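Listed next: structures, encoded as structure tokens.
Next come two complexes built around chain A: one with chain B, the other with chain C.
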Partner chain A sequence: MKIFQLAAWYFISISFVTSWLSHANSIKVSVVDEKKNPVEFAVIYIKETLPKVSGHSVVIDQVDKEFIPYVTVVQRGSAINFPNNDEIRHQVYSFSKSKQFELPLYSGNPSSPVVFDKNGVIAMACNIHDWMKAYIYVVDTNKFTISDKAGQAVLSNLAKGQYEVVVWHPKAKESEQLNAQQIDIGDGEQKLVFIVAQKTQFKAWRSPKSVRRRGY
Partner chain B sequence: MKMILAVPVTIIILSTPVVAQQGEWVEWIADAELSYAAIDNLNLSAFSDDTHSDKRVALDGIVGRFYQFNGFTRMSLSLELDVEKHQEFDSLDNRQLGANVGVRHKFGLGFYQPYLQFNVNYRHQEVEWDANSIDITFTTLEFGQHINNQLSLAASIDFTATTGNERPVIVPELASDVFDQRFIHFSVFVDYILSQEWLLSASYSRRQGDFNSSCSQANVAKVLEVEQVKAITKDDVFGGCVYKLEGNSNIYSASLGYSLSNHAGLNFVVEHYQGKAEVLDYQRTSYSLSFNYRY
Partner chain C sequence: MVIFIPIQLLLFIVIRDANIATARANIDEALQVTADVFFKSLAQHRDALLSKVRALSTDYAFKPVANTNEHKTVLSTLISYQQRVEADVMLLLAMEGNIIADTSHPLLTNEPFYLPLLIEQASNSEYGEADTIAFIDKQPYLLVAVPLFSPEPSHWIVMGFLLTDVFAQNLQKITKSDVSIMFGSKLTSTGSYQWLQLASTLTGDIRQLSEQALTSKASFEQALKVNQNFDLLMAGQSYVSVALPIRSENEEYFIALLQRSLALALVPYEDLHLIVAFGFVIALILLIVGGNFIARKITEPVTVLAQGAEKIEQGHYDLTIEVNQNDELGQLAQRFNAMAKGLAERAKVRSLLGKVVSPAIAEQLLNKGVELGGEEREVTILFSDIRNFTSLCETHNAKEMLKLLNQLLTRLSKIIDVHHGVIDKYIGDAVMALFGVPIKDDLQAQNTVLAALAMQQELVAINQELIVNNFVEIGLGIGINTAQVIAGNMGSSTRLNYTVIGDGVNVSSRLEGLTKYYGVSILVSEATKLQCKDILFQEIDTMRVKGKKLGLTIYQPLGVLSGTSQKESEQVAAFNQVLMLYKKQAWQQALALLTPLIKQFPATTYYQVYSERLHAKQGVEFDENWDGIFTHFEK
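== the complex of A and B ==
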């Protein structure tokens, strides 16, 4: 009887470790532009279709008249809160196809978050401060990340298998809005490099100009 | 003046959404500009043998606050203090203390919505040579819009009135109030973002109305012969006469701004003034470099 108990424990332990190991795999992604400079704020995700989530919330802050962070990625169905941590009021809006919304002039926390239930890019801005601009990217997966200043990002806890890894960036040239690569995940960490050609994108001018003779 | 006030106020009230939210005081205004300028023909003389050039340092400061009526309309109240120090003609050193009220209205939600801005500004300019001190009042109405992510256009009209001190009469049949002037500027402004650090701006202003010019005693007779001089008096700064004319002027300006941060920038400005009365031409060019800080 003891032999059967030991065997059962052995198989349970082995399957647990195997299962854990198979999810410990990851993809290290580097995103660079045509000149090999690191690209920050690239959204990197695994292409798959998961049902939309509910009750998942994320924060996009407003500090010193800027949205923080500049790029946010969420799974479809997520709610985003837009607290205003400036001591002034902001008016946040978006005209994007994936989500049109407006938070009329407010300070502090808006009464309710905004739910994003359609895939795609949402460009948002503030109607009072024209230079304030940020992007939300809504995807059908929970496996996503954003590149840091060094253009680096890691997709972790992936099971073994074949994946399509997609990269999106707000400044990517039209032809490269979505840049995808196939990858077979085995044990350990794998590496991918994405080259995302960048177009110049401008925010409204914020720095002060000459104040002479031009009243507020 | 009532008409000037009535037009923008009516437009703003009519286009403000009916459900206006409660307004409140919002951002503080705290701007400073330190500039150095080289000015040729400071006295705006019409005679090439009679021009004086100079350099000046100026420190301008503005403090105030915005009042946000709703998502589309805001008002600014500010106090302005400017100090100018000339290198050679130190009798033109001056201090200006002024106040400005502005109302800016954006016609809807979105980056490309145009705006209308109305400003009333009063300032007292106290010049080292007190006879040249003046009070300045100007009213500006500006309309502008972002055309795309790089290009913004604006057009404005402003009415300026200046009042000077009592000056001695030197030509009996002419007045001496050379610094009592009325003039209008029609201006267009173009801002073009070259990169997130560099901004190219240009403007053209058509000035109609009074302006003043100085010349040496030797040239006064020539001026009186060909120009419709409205007022003349002695000029203690440049040593000749200063006189008032009515005419049209073209003012061309170009500037290149460099963003040091969200709150600070450097600006290089070139401005060319090209005035014309009956016969004579009055030209001045200035180059200035400034450091600007905005809170």
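== the complex of A and C ==
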């Protein structure tokens, strides 16, 4: 117990100092589409190759037949829990190359979390509710963030140096290499603007809102 | 009758045309309905297919299967599912278009899909879905493509429904129209379309004929573009057709050919045609029978009557019409015959009237009607009498005499006619003629004298003929007087005569009688002579007519002045000298002048008369009471 508390204090104090020291070194990223509309749910990260982590745990909730959050970014080796907060069962699955998994019909907390140990996009969904869809993006870095509704995101606590900032989005037209920018980080805040062209997607005619009325 | 047949035929044609037009309108409507039903049916089939594929694309048992991308596993799953949903073909394609499994080609895998357009179309669509009609191994399919979401679009699921006769037959069950699915492709060699029948409700011989019929229909492509009805002749039967383009691409057409037999549509009207035709025949028979009856009972009698009327118009009254009918026409014929008879009698009367009375009088009688009574008119009366006729009679029989008399009277009457005189009557061989009645004639006196002279002239010719025929010569005495008389129809109400009465008539008759006495051919009263012009007269005597105080001077006309000679005028003047002396009672001197005249003209009878009178007066004293008027005592 003591050891744990000590360790905690140690980490808190260390992280406080480092954050105070490097607070000035940050990148403010703005993501827009071709029409200059803000793009939400864009994953912004620094390209680097950190070894995979273990023990990291993230949660993707299922609330009112929706995955929350819609986009999740984790460092390789992280585990994700998929607690079901609805009164009905869900069946979560992914056929993505980076991670194929299936959580057969369940309610409450699954017995074990799913570990993501391969970089890439995982498109996951519920087999019962066609509109329930979420994305997990697995990266080899711990420097990542997700744009908000205003398309804004901040990468902070960056040491001085040269970085490659990459943006990924589920509806991005271009591959992620094309959405990368090189940047020199010095003192203070840098600003980056990413224009992410959106690809046209087939309408999710299966979502309850868009189901065409087809009576007999 | 002649007009009946064209009218009936016209009626028949009009009804037929109307029926055909109605049938066509019905067909048009039915084809329109069929077209709607066809497209609805096609859409329903497509939607059913889509539903089935969509169900599969959300089937969470299928997703892991698809994502194995194993040919055999996927194929057997597809076959299983195909049977479940009664589809005819199913494929799973990778997103980029390569075939993973194809139930119609079980061995085919990892090859590009043979209908890339379908996928291209789906990729570009809003929902990632597309449908088409296309051939797979020369079989026509209705195909749909839907993406498989797992959850991102990872595959294409293609499902197909074979367009068979059953599909067409189901449509026919609802619409009662024939349905054929046709495929047309442009032949590069000729540039025209060749048509292939894929499915059809047509049966028997005509089933394959739609291909030929369409291919040979030059204007078909045009008709297809404007979606217009057209007639397609198949096995001699007219089919009203409409072509619905289902899909057209690269000069290839999938069409639905909807057809309805015109003959079949006209079947309900056949009965009507039959009734009309039957009615036509019945009417025709009635018409022929009735027409015959009418011809026999009406037309023929009317024709006979018309011919009769024509004959009567031409003056042939002696006809009888034979119409042996007891109807109105029979009665009309009888009346007609009676009328003809009446006309014949009237014509006879008119003809006789012309013979009995002079034409002018006959005309007046006929036109003005006959009424008794008369009017006072100035008339010149001519009396003529044939001398020596009785001596002629002695040598010849009565019949011959009558014939001769009639000839003579005819010739003389003609002269009277020519001079506007009318024959009043014949009294044996004597003729009484009137001038100036009934038609007024200002030259009546002159005309009468000229007629008399002409009659005397004619007599010369008659005598020559008589001598040639061994007859005795005849003479003609004519007396003429002009006087006021009563002219009009006289007699009883049943029998009357147009004539004149008055003293003047008697004078005229008397003068005729006196011609013999004076030995002259014509004697004219002073009243007549005064109205004459340019005629040379010889005064003969002044005489007293019985019962009259005043004397009447009488003259002999010698001829028209221009036609008489100087010698004649001198003779007249010489005798006038004698007469003057006679009237002065200078007997000696008168006789002295007369004697040489007698020597010169011994045949002149009245010279002798005066010679006797003068000889008798020789030595008679002058008597102042003597008026020089000679009184004839004998009639």
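Everything that follows uses one rule, which is that the second predicted complex is superposed on the first by the 172 of 216 C-alpha atoms of A that agree within 3 Å, B and C clash if a C-alpha of one lies under 4 Å from a C-alpha of the other, contacts with A are read in each partner's own complex, and residues count from 1 in each chain.
By definition in this document, a contact is a pair of C-beta atoms (placed from the backbone, for glycine too) under 8 Å apart; a residue touches a chain by one contact, two chains touch by 3 or more.
Since this is a predicted model, take the numbers as computed values, not measurements.
Engineer: For A:Phe202, is the partner it touches chain B (first), chain C (second), both, or none of the two (neither)?
Structural biologist: Both partners, chain B and chain C.
Engineer: After lining up the shared chain so the two structures overlap, which partner does A:Asp130 touch, if you call chain B first and chain C second: first, second, both or neither?
Structural biologist: After superposing on A, A:Asp130 lies in contact with both chain B and chain C.
Engineer: Please name the chain, chain B or chain C, that touches the greater number of residues in chain A.
Structural biologist: B
Engineer: Taking the superposition on A as described, I'd like to know which of chain B and chain C A:Asp64 touches: first, second, both or neither.
Structural biologist: In the superposition, A:Asp64 touches chain B alone.
Engineer: Considering only touches as defined above, state whether A:Tyr93 meets chain B (first), chain C (second), both or neither.
Structural biologist: In the superposed model, A:Tyr93 contacts both chain B and chain C.
Engineer: Does the superposition put A:Ser54 against chain B (first), chain C (second), both, or neither?
Structural biologist: neither
Engineer: Shared contact residues on chain A for chain B and chain C?
Structural biologist: Common to the two interfaces on chain A: residues 91, 93, 95, 102, 125, 127-128, 130, 202-203, 205-206.
Engineer: Help me check something: in the complex, which residues belonging to chain A touch chain B?
Structural biologist: Its residues touching chain B are 64-66, 88-89, 91, 93, 95, 102, 104-105, 125, 127-128, 130, 200-212, 215-216.
Engineer: Quick one: in the complex, what on chain A touches chain C?
Structural biologist: That would be residues 91, 93, 95, 100, 102, 123-125, 127-128, 130, 133, 202-203, 205-206, 214 of chain A.
Engineer: In their shared complex, at which residues does chain C touch chain A?
Structural biologist: Per the stated touch rule, the residues are 47, 58, 60, 63-64, 67, 125-128, 147, 149-154.
Engineer: For the complex, which residues does chain B have touching chain A?
Structural biologist: 21, 24, 26-27, 29, 31, 33, 35, 60, 62, 64, 66, 68, 70-72, 74, 76, 78, 100, 102, 104, 106, 109-111, 119, 121, 140, 146, 149-150, 152, 191, 193, 195-196, 199, 201, 255, 257, 259-265, 267, 269, 290, 292-294
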